[in-house]
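Consider the two complexes below, in which subunit A is the common component and subunit B and subunit C are the respective partners.
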Partner chain A sequence: MRSVLVLAALLLAGLALSFVVSEYTLRLLNMAVIAAVAVVGLNFAFGYAGLISLGHSAFVGLGAYGLAILTTKAGWSPWLAAIPAVAGTGLAAAALGYPLLRLKGHYLALATLGLNVSFGIVAANWIELTGGTNGIAQIPGLTLAGHRIEGERTFLWFGLAVLAVLGLAALAIHASRLGRAMMAVRDDETAAAMTGIDVTGVSVAAFVLSALYAAVAGCLFAVHVHFVSPDDFNVAHAITFLSMLIVGGEGSVAGAIVGAALLTFLPEWLRVLGEGYLAFFGLMMLAILVFLPTGIVGLARRWRRPVRPAASAPGGARPGVQP
Partner chain B sequence: MADLIQLLTNGLALGSVYALAAIGFVIVYSATGVVNFAAGQFVMLGTFAGVATLVNAGWPLPVGYAGALALMALFGLLFYAVVYLPLSKSPVVTIIIGTVAIGITLQNAALLTFGSWPFRLVSPVEGMMLEVAGAVIPLHAVAVVVATALLIGLLWLLLNRTALGIAMRAVAQDARTARLMGLRVNALLAFTWVLAALLAGIAGLMLGPMWFADVNMGDPIALKAFAATIIGGFGSLPGAIAGGLFVGLAEVLGASYVSSAYKDLIAFGAMILFLLVRPQGVFGERIQDRG
Partner chain C sequence: MNAAMSAETVLAATGITKRFGGLVALAEVDLSVGDGEFVALIGPNGAGKSTLLNVLTGLSAPTSGHIVLDGRDVTRLPTHRRIRAGLGRTFQHGRLFPRLSVVENIMVGAANRTGRSESALRRHALAQLGRMGLEHMADQPISALSYGNRRMVELTRVLAGEPRVLLLDEPAAGLNLGEVEDLMARLRAIRAEDRVAVVLIEHNMGMVMRLAERVVVLNFGRRIAEGTPAEVQADPAVLAAYLGEGAAHAGH
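== the complex of A and B ==
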């Protein structure tokens, strides 16, 4: 129940901001909401099931390109195009997941990294379909009941609504049998298998869920920016998604949203650093990993219940593989 | 035929660089259990250490090379103290992301120091060509292959024939027992990082004249070194060599016989295929702790 309240508070904060901030900040908020959808998805794979994926932005890209191609080449409405784009990404994740998810730890990290790089190479070179490095422009925006969802403020309302629905769904899954099975697999695969959990099935389910959310984020990106290119979905973005989840606090929907918002705005706040931002960013990530392994949400949790070790708090345990 | 000889030499030279990068990666992994995702930036720093001493400071070749390698050794030590020690007790996932993060910092630091303009690092045998069976081969490519072979030989001697190397392997096998036997585990681990940085530095110095020295060169090298490691077998030195040569040859031959746009897909495709079918690679390693 508390998680639902936290989620509601975050979304309402976004809504309140939408009335007071500048056009430019609204655009950043939209970027943050789109990233948040992707990161809430990544939380299924990494936060709950402990699957380290460095290929998340390939799934965002699959969703975005799916919608872009169907709307610009086949002339579909973006609403209609989003369905096969998202479903297709889910199917791709399932097809990849079954063989890949037998891998763990750095093997999985490298495999997903390879997938994301391969996605970039194909997107940049399959020019007839993807437009190559020039990308696809003039992707139509959304229309809802005769109103065009255009302008940063209107889009933010729509984005927050999508995030609300997907966030609630994520919380429901977190509390469900499937969600608990994912966390059991993360904490101890052997023990989970002993209790009758289908480890591969649960891992693939987490992976597919994460890809579905990623694809929705990709569709939002495409209809918001109206343009997609391979650079929007490279490995650097996959690393950013993972960083957002870690900064916010993995295993928590609120953490995913907070992390996404924070890392979207951080470059703006640190503009004084200029080109040195990334050097600072890397050191900051390292410091968070060393000193704050449960992220911002973990910090809040520790502050609320100082006696209880953070590792035993729900979802607070770092999804590590036992040595 | 002449074309093929040329391509093979270039592929082997590039493969040698990948092999050295992969060896540095594997040595660290076997000794410390750290999967160093910043390995590509190590090579990039090696190239730029050369840029700093040879181009910017204008030192003569032997002094410049020595200076660059000294910088790399220092960097290895620094990495051990600032990145490895704080992270060493963390789970695999944390270490992976930590090294990714520090890789971003290193790349950005190089950008701030050297700028985005690419540099040209000259080879000691710049412009010299060999003619073999009608094929014209840059001497630098041959020198790279020979130097790599020599280095691998020296490394083998170090690891198998010296007390230092045997102690390093003991630490890699079981750090706690090694400590009980009175080995100075921390010093040995620090030396492992220095060795890895030196190997990456040499790879970077050899790569400099083959590519332009560009601060963004780390990521592509890392990806190739990872692919080499997986294909050869994670944790295996012969595997890193074979994998590196395979990836280099696949890149050069693939670019000219298959498609220059898709040349990199061969290496990554092979890597993913190996992960799926034979995750222990060609030179199968023990695999009980795959996670």
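== the complex of A and C ==
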């Protein structure tokens, strides 16, 4: 219940900001919301099931290119095009998941990194379909009940609505037997199998869920920017998604959103640093991994409850991961 | 005398051999467990007890041999399918899911039977905790539990899956005397209520002799003796395995 309130507070903050900030900040907020959808998805794979994926951008790209190709080449409405774009990405993740998820830890990270690089190469070279490095332009925007979802403010409202639905769905999954199974798999695979959990099946489910969210983020990106190119979905973006989740707090929907927003705005706030931003970013990540492994959300939780829960208090503090 | 012969056999492993390279960890071991029977598996360190449990639960594949659970050959089934078919196991030092609360850990164990709603899962988990006298810990994090309570929560998690055969790997290790007494009382109560068969690996001989109906002794991967606790205690091969050849002769 508390996690639903935190999610609502974050979304309402975004809504309130939409009335007061500049056009430029609105655009950044839109980028943050799109990234948040992708990172809430990545949280299934990394935060819950413990699968280190450096290929998340490829799934964002698959969704975005799917929508872009179906709207510009086949003339579909973006609403209709989004359905096969998202479902196809999910199927691709399932097909890749079964062989890939035999790998663990660093090996899985490396394999998914390779997947992302491969996606970039295909997108840049399958010119008749993807337009190569020139990308695909003039992707149509969305229309809802006769109103065009055009302009940064309107789009932000739409993006926040999508994030609300997907965030609530993620919280529901977190509290379900699938959510517990994913966390059990991350905590101890052998013990998880010993409670009757199909470890491979649950890992693939987490991977597919993360890809579905990524594809929705890709569709949002395509109908917001109206243009896609291979550079929008390269490995650097995949690493950024992972960084967003770690900074915000892995294993937490609120953390995914906070991390996505912070790492979207931070480069803008620190523009004075120029190239030095990368050095700052690296040091910040290092500091967070060492001193704040549960991210900003973890810090907030510690601040709210500075002492350990009393050992005898029934129904008191909830442990570990909070949504 | 052999209880497994009279009662319906619920778990039967026949001719289990497990080689690790040149090392023979298990050689042609047979183990059958009757419905509701309490079997203890004993033997010196390195006798192959845990290896046998790993083979039974599918964590490691036998080099040869067959495992039949409830009339069904499960030799090639992965671990989770054997669990769903009625097997349950605890680990030597207890393995819980630290990111889940106590009741959520139990709910994971209860979820191996499909078709339960979320609220039914929670009710079932709380009832299991209540039966073990742990309901006041339901919402605590695993990190707040003592070692003894962690092991009891692990046992509760396995029982929540309603196994037909419960495999216990040294459940008393690391427990103090009071906790061992408590564990034994719980195990007796569980058997009275659930009619679950138990295979117990334990070094605490007092516990083995007081609980087990039948004892199977392994040494160097072979089954060297089987019988009632009293028979096994008097068996010269068992005395030799535990105390050395000389002691066995001196005892006669």
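Observations on the structure shown:
Convention: the second predicted complex is superposed on the first by the 308 of 323 C-alpha atoms of A that agree within 3 Å, B and C clash if a C-alpha of one lies under 4 Å from a C-alpha of the other, contacts with A are read in each partner's own complex, and residues count from 1 in each chain.
Please note the rule applied: a residue touches a chain if its C-beta (ideal position, glycine included) is under 8 Å from a C-beta of that chain, and two chains touch if they have at least 3 such contacts.
These figures come from a predicted structure and were not determined experimentally.
Contact with subunit C, but none with subunit B, is seen for A:181 once the two complexes are overlaid on the shared chain. Of the two partner chains, subunit C is the only one that A:196 touches; subunit B does not reach it. When the shared chain is aligned, no partner comes close enough to touch A:94: not subunit B, not subunit C.
In the superposition on chain A, no contact is made by A:21 with either subunit B or subunit C.
Measured by the number of subunit A residues touched, the leading partner among subunit B and subunit C is B. In the superposed pair of complexes, A:107 makes contact with subunit B only, with no contact to subunit C.
Once chain A of one complex is fitted onto chain A of the other, the partner contacts of A:164 are absent, as it touches neither subunit B nor subunit C.
Of the two partner chains, subunit B is the only one touched by A:246; subunit C is not. When the two structures are aligned on the shared chain, A:4 is found in touch with neither subunit B nor subunit C. By the document's definition of touching, of the two partners only subunit B reaches A:125; subunit C does not.
Taken together, the two structures place residues 318-321 of subunit A in contact with subunit B in one case and with subunit C in the other. For subunit A in complex with subunit B, the residues that touch the partner chain are 50, 52, 54, 99-100, 103-107, 109-111, 113-115, 117-118, 121-122, 124-125, 235, 239, 242-243, 246, 275-283, 285-286, 289-290, 293, 318-323. Residues 33, 35, 37, 83, 86-87, 90-94, 96-98, 100-109, 111-112, 219, 223, 226-227, 230, 234, 261-262, 264-265, 268-269, 271-272, 275-276, 279, 289-291 of subunit B are the ones that touch subunit A when the two sit in their complex. Partner subunit A is touched in their complex by these residues of subunit C: 57, 59, 78-80, 83-84, 89, 91, 95-101, 104, 107-109, 111-112, 118, 121, 136-144, 157-158, 161. Against subunit C, the residues of subunit A that register as touching in their complex are 175-177, 180-181, 183-184, 186-188, 190-199, 251, 308-309, 311-312, 314-321.
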